[in-house]
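The structures considered in this document are given below.
Common to both upcoming complexes is subunit A, partnered first by subunit B, then by subunit C.
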Partner chain A sequence: MSRLTTLSIKQLSRKFDEKSICPKELTIKTFSRIKEDNKKLNVFTALTEDHAIRKAGESAMRINDGKKLPLDGILVSVKDNFCTKSVPTTCASKMLKNFTPTYNATVYDKLEKAGAILVGKTNLDEFGMGSGCIDSIFGSSKNFWSEDYNNPRICGGSSGGSATSVAAGFCMASLGSDTGGSTRNPASYCGVVGFKPTYGLLSRHGLIPLVNSMDVPGILTKSVDDCLQIFNTIAGPDKLDSTTIKKPFNPIELLKQIDFKNLKVGIPREYNCEGLTSEVLEAWTKMADFLEENGAQIHEISMPYTTSSIFVYSILNQCEVSSNFSRYDGIEYGHRADDETSTENLYAKTRAEGFNNVVKNRIFAGNYFLLRKNYDKYFLKALKVRRLVSDDFSKAFKNVDLLLTPTTLSDAPLLNEFVKNHNRDQCAVQDFCTCPANMAGIPSITIPVKLSSNKLPISLQLMGPNFSEQLLFSTAKFIEDSVDFLSNYHKM
Partner chain B sequence: MFGIIQLNLCKLFNRNLRIKTINNGHKTFSTKPKLKANVFKSVIGLEIHAQILSESKLFSGAKNTFASEINSCVGLLDAGIPGCLPVLNKRCVEAGVKTALALSCAINEVSMFDRKHYFYSDLPSGYQITQQRAPLAGKGSLIFPVITPANNSKPYYKAVRIHQIQLEQDSGKSLHDDELKISLIDLNRAGIPLMELVFEPDLEDGEEAAALVKELILIFNSIETCSCKMEEGALRVDANVSIHKEGEPLGVRTEIKNIGSVRGVAQAIAYEIERQKIVKIGGGVIINETRQWDAISKTTIPMRDKEVVQDYRYMPEPNLLPLHLNMNGNESDELVNVKSIQKSLPVLPQGLRDELINKYKLSETTAIIIVNDPVLHKYFQDIINSNQLRSPKLITNILINELLTTCNKNKTDLEKCPISAKQLGELIDMLESHELSLNLAKLVLQEMFHNQKSPQVIATENDWKQISDDKEIRKICEKVLGSESGQKMQQQYKAGKSKILLAIAGEIKNKTNNRINMAKVMDMLKELLK
Partner chain C sequence: MLTRNLKNLIQLRTFCSSKKKIFDWKEIKFKTKVPQETVKSQFSEKTERIKITENEIFLLEKLSLVDLERKEAVKVLEDSIEFASKIHNINTENVEPLYTVLENYQLTLRDDKVTDGNIKKDVLRNAVKTEEDTYFIAPK
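And now, the complex of A and B:
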């Protein structure tokens, strides 16, 4: 493992200033390593080498001219459900295999304008529907920490490619998306920081939607500092996304010192659920103890609607999917079947060929829930329960400042074990701890805290009320410093 | 007076109809089936789609320009490109609010957008964004005049309730070539802002429906929220029609889609009512279906309909926040300000009619005719405003009777009439001062069609001025009376045949080429023959 890739963005940037590293050389070197390592990891749906080397040259020139942009020379990857101008954006689906957008997603656009360099688009479960990064037309991505690449661990999903690209040191940061945990779940399995912001702080313009009311762009990095730097670069109102917060965004600075005496941390007992491994439970308990030792008040609390969350998520997800996916008809773009006997037949065959079974199942179910006769019984009721889940958080945050929970119930499962379960059941287990935050729209961050007995990352999640990013990042940073998980990378 | 007006009502409508005569080859409705159909009552409800007059589309920011090159006004959103989100065009909200206020609707402080799903090739997203659950505006009402051109019944006012007004996207256009088996799609129209106006079924026949549409067009023109160019599809009328016997529940309704002209509305509904009557009298059953008005054959024909009732699987649009309006008039916030729009409303057609009736003492019928045609109304305003002493009645008579006749004679639309209000005003002054008779005025009008000279000049040049000078009239009368035939007639008159006076007057009229003031001639003759 290259020493360089364990540097933070700030450290690397300083090396560019000092001219001890040249962005162009770094980019070329990184690509030669990507091409080698990616064979076993299968991280990318597309590599953008020519583009990256050209951009790195531009960065180098700006640095030489003393006109360096904040992220000049910083390599990033982007999940393949964000539109990238002139770079194919497939959502890992046959439906969009030939789709090349004419525009950039706002969050990627901001990265590019800040000097960041795209190395490639990362693998995902088709349209983000999964939690293993296995249901992709490009095949499954493999966990960087796998003991045996012939019997690999899953990297989690759906942003598995993004998490792996950061863990493997192919880039400094990756954009993922998080609808029910799709950023935090793979971050947890891959030993990287995964951040889901407050709904509305990051623009969704150009993020190909799964569930509009829950989707947020997510950020995956090696460290909390990097994560915050990326977040500060891309956050803020966007007139192209009406659901972004209108208020101008002020970059967040880490607190110099956390006022532990006045920090109340909630431990929701419902997260100690069936399937939680003893190792994760132990890590969780120890972290609570550690925070308490530092002066924080630890409160065990109850959030009774936690278990309903996954069912509500399932219904709302399928309803929005059935609606959002009506656009894929093969007329304007994307896959078009070879059947011109009638418009209806063309649609039917295009959609039958273009989507995998997971997508099709969700479309069917969603259309059923939205039928006039079922709307109240399913969709409306799900919205009401969603409100109850959200109320659980509002009530909790009256008494505590943050919640500490596991991110995933275990370390990364073996691929061949994981695929034995149906996609729906996979998600139900995998998203248990992450999905409630999407119901409520609140921010959440996952940080790796240790390696399991299998030498696989174990991570914990912090959640806070809306716009509590400063406290969230500061606390995550404190934990990161104390556990020193990054040293595990040095040892590899 | 009333007789003249009615006669010219037909002229007025002929004029309006003239544009459409290409399609009016045969009339299906001249021979109505004489069945005992009068026991049926008909019930009509309209749904009207009005394209909002705006620079750009409802959600995409693409241009909203009619007749642009195919697929040249298409934003990414309009093409259903994934990842693009709708952004509400504030101007369209303002237009919607303005329209709702003009129709006395209750404005909803908060309204919401929904997705209505159906697959169609000119609907790239697979759903239309509309306002199903919480529309922009609710209950309203409109009172409008109904004049029926065909029969001579008295104009009357009708009230219709508005159920709701919602904002929504228009769809694109498909062109199907059945022979080549291809469909061509133009997305220029996709995403154009529409207001859907849903009316309660308060109307009774096609003429009322047409009058309602006519009134709406006048309102739209005055508030400038819709171009109302029906030939461009800017205003499209759907009519729900049912019939039932008095005392019985309402019948099954049919829906006539996309009627494209005001007269089409009247004709399509009249046809559909008759059709339903014939079906019912023949023992048949009306089925709930969608029909299409064929303006050429003048019939409604069933549309190839979906066999099952569509379930649109409505769902809230998750990418748009609820639409909040500023109701309290605070000027500080960014929301659309209902109070300031209310203040900016111009005088609406009913207000204009009231002004004509109350201020200018014109009859209701005259007021309706004048306001129904914005060009006439403008003439009236210009003529009366430049001289408040002019007789409103005389002005409207000249406008409605003479000006329209002259336009018709010259095969010119009133909109393109070259005669200025100034010329007309002077003509009216000459009539009032008896410098012109009505007959001479007609000649002057015809002449003004071709040159821009003032009526004074034209009358002088052509020697068309009325002879009103008493001395001159006496001279002419004496001359005629002194002639051979004149003396004969004098004798007959003195023998008690008083009607012969008219014959003498007629001779004088002929002798002077119809230029003499006949009222004065009659007085003079009576005096001379005393």
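And now, the complex of A and C:
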């Protein structure tokens, strides 16, 4: 399988300036490759070839006229739960199969205004409910690193299409979303960088909501530099999302040097949980040792409520879903069943036809937890435990600057093994290390560090307090440079 | 001048050679702080299995409007409740619920004024059925 350049966005951009690569030619070439390779990988819910070639032409003109925009000619993909004007946005659900937004999500709008070119919308578990990128009306996506595409590895989820589109070199960056780990989980399995920002730094306007209190847009790229560049382009307050932080956003620059002598890194012991594979544990152990060798102070710490995160998450997710999804009734947009006998019958049939069983079961359970007699027992109780999970972080960050943990417990599972478990249990295992950050709203980044004995990516996660993005990115960059994971792409 | 260039050259060479240095995944130099044994949850894993009554199913079906195959749906629901019930083993006395991580921030409220308009076409565009392109339509 051939793949696009392993150049960074900045390097590619320079090639555009030097006229050694033309954005239009690159776009056309990339599409011919996408069409070939995507048959195996099934990454996209829609391709936007005509749009992309037109935009690439505009980029080329601006470059020739010396009016280049920062991301001119840079190909990007966007998870199919972000609204894209005039491009269908389906959430991989029959419910929105006929939905074409009339506006752009803010984060995508900013990319487009900076010159980036959309190649397509990427696959996900229906409405983002899953961690395999398998429960989609478009079928499952396959992991780029699979040993055998007839017996593929999952790419993780729910932003599995986004992660694979970057890994396969179909684009330089992708927008994903992260509610319980949906950006970091597939990034980990697919060998790409995955970033979840501090809640409120990236606008959610136009991101079709799953769990409002935890959803954030995420960024997937090959390298830390690229990830930071995209983040700097799209971050900041948005009048259209009242939950963005109002403070103006100042672009982040990487630290020239990390002050290791004063860097305290916490190792939360609870992240060595049941199911953690020895290979991931070894990588985690080695990386802690390596940071110590460079002068960092490494502390084993305890965050006792970590293990309760996935249970809290399951309750809050199902409750918010049952409430959020009442909007899908077939009247204003989306699928409409052929039943005009009564309004209630139309709603029921529309929803019965439009949602898959995972969505339906979550709505059902959410409504149970929200029943008057259950509200305190489950919903309110979950919110209290959420506070305890969040407090674990506040306490930890009084003593350490960053946390180093695994991202996922193993390398990418085989699809045929993964589907043996129920969706709920899939998520419980897959999101163990990622979900706590969403509870607390803190930023987190996952970086691929090595290949497993199966020749699949193994990744580690860094978490920091709110607004610690500069230190997170800088430390991630240091690790990235040291392990040189990108060379594995050259070897393929 | 020459010395400076030479210095730069040496720095460049060290940089390049350090780039090529292969990361040694085997060697551990310090006593590790990463726990090598699985850490068990400190909370009881005890769960409760709740049986859903006919009345509750009826109510949930009415609230959810999703038309699930009943037997399967009830089993999945009972599993979900059992899964969720693990949080009951955690003491939350005097703990305030955390509704939003932005609880210490003042969220923006806009003025109660119309900020757009003349987008009727856009608003109606995604409805399967409309009346004269002017209204959404529900069954009579």
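In this text, the second predicted complex is superposed on the first by the 488 of 492 C-alpha atoms of A that agree within 3 Å, B and C clash if a C-alpha of one lies under 4 Å from a C-alpha of the other, contacts with A are read in each partner's own complex, and residues count from 1 in each chain.
Going forward, a contact is a pair of C-beta atoms (placed from the backbone, for glycine too) under 8 Å apart; a residue touches a chain by one contact, two chains touch by 3 or more.
None of the values given here were measured: they were computed from a predicted structure.
Chemist: Give one of first, second, both or neither to describe whether A:Asn150 is in contact with subunit B, with subunit C, with both, or with none.
Modeler: neither
Chemist: Check whether A:Gly206 is in contact with subunit B, with subunit C, with both or with neither, and answer first, second, both or neither.
Modeler: first
Chemist: Contact-wise, after the overlay, does A:Glu340 reach subunit B, subunit C, both or neither (first, second, both, neither)?
Modeler: It touches subunit B and subunit C both.
Chemist: In this superposition, which partner touches a larger number of subunit A residues, subunit B or subunit C?
Modeler: Looking at subunit A, the partner in contact with more of its residues is C.
Chemist: Pick one for A:Thr102: touches subunit B only (first), subunit C only (second), both, or neither.
Modeler: Both partners.
Chemist: Look at A:Gln257 in the shared chain and tell me whether it touches subunit B only, subunit C only, both, or neither; answer first, second, both or neither.
Modeler: neither
Chemist: So, does A:Ile363 touch the first partner subunit B, the second partner subunit C, both, or neither?
Modeler: In the superposition, A:Ile363 touches subunit C alone.
Chemist: Touch check for A:Ser20: first (subunit B), second (subunit C), both, or neither?
Modeler: neither
Chemist: Regarding the shared-chain residue A:Gly441, is it in contact with subunit B (first), subunit C (second), both, or neither?
Modeler: second
Chemist: Go through the superposed model and pick first if A:Glu332 touches only subunit B, second if only subunit C, both, or neither.
Modeler: The answer is both, since A:Glu332 touches subunit B and subunit C.
Chemist: Across the two complexes, find the residues of subunit A that touch subunit B and also touch subunit C.
Modeler: 99, 102-103, 213, 239, 242-243, 322, 331-333, 340, 343-344, 347, 367, 371.
Chemist: Tell me, which parts of subunit B touch subunit A in their complex?
Modeler: 76, 79-88, 115, 117, 119, 121, 124-127, 181, 183, 185, 311, 313-315, 318-321
Chemist: Please output the residues of subunit C touching subunit A within their complex, sorted ascending.
Modeler: So the residues of subunit C in touch with subunit A come to 19, 22-23, 25-26, 28-30, 32-43, 52, 56, 59-60, 63-68, 73, 76-77, 79-81, 83-84, 86-88, 90, 92, 95-102, 105-110, 119, 122, 125-129, 136-140.
Chemist: State the interface residues of subunit A toward subunit C in the complex, per the touch definition above.
Modeler: My answer: residues 98-100, 102-103, 199-200, 213, 237, 239, 242-246, 267, 269-270, 272-274, 276, 281-286, 288-290, 292-293, 298-300, 304-305, 307-308, 311-312, 314-315, 318, 322, 330-336, 339-349, 351-352, 355, 357, 359-361, 363-365, 367-369, 371, 377-378, 380-388, 390, 422, 424, 428, 439-441, 450, 481-484.
Chemist: Mind pulling up the subunit A residues that touch subunit B in the complex?
Modeler: 82-83, 96, 99, 101-103, 105, 204-209, 211-213, 239-243, 319-320, 322-323, 325-329, 331-333, 340, 343-344, 347, 367, 370-372, 375, 379
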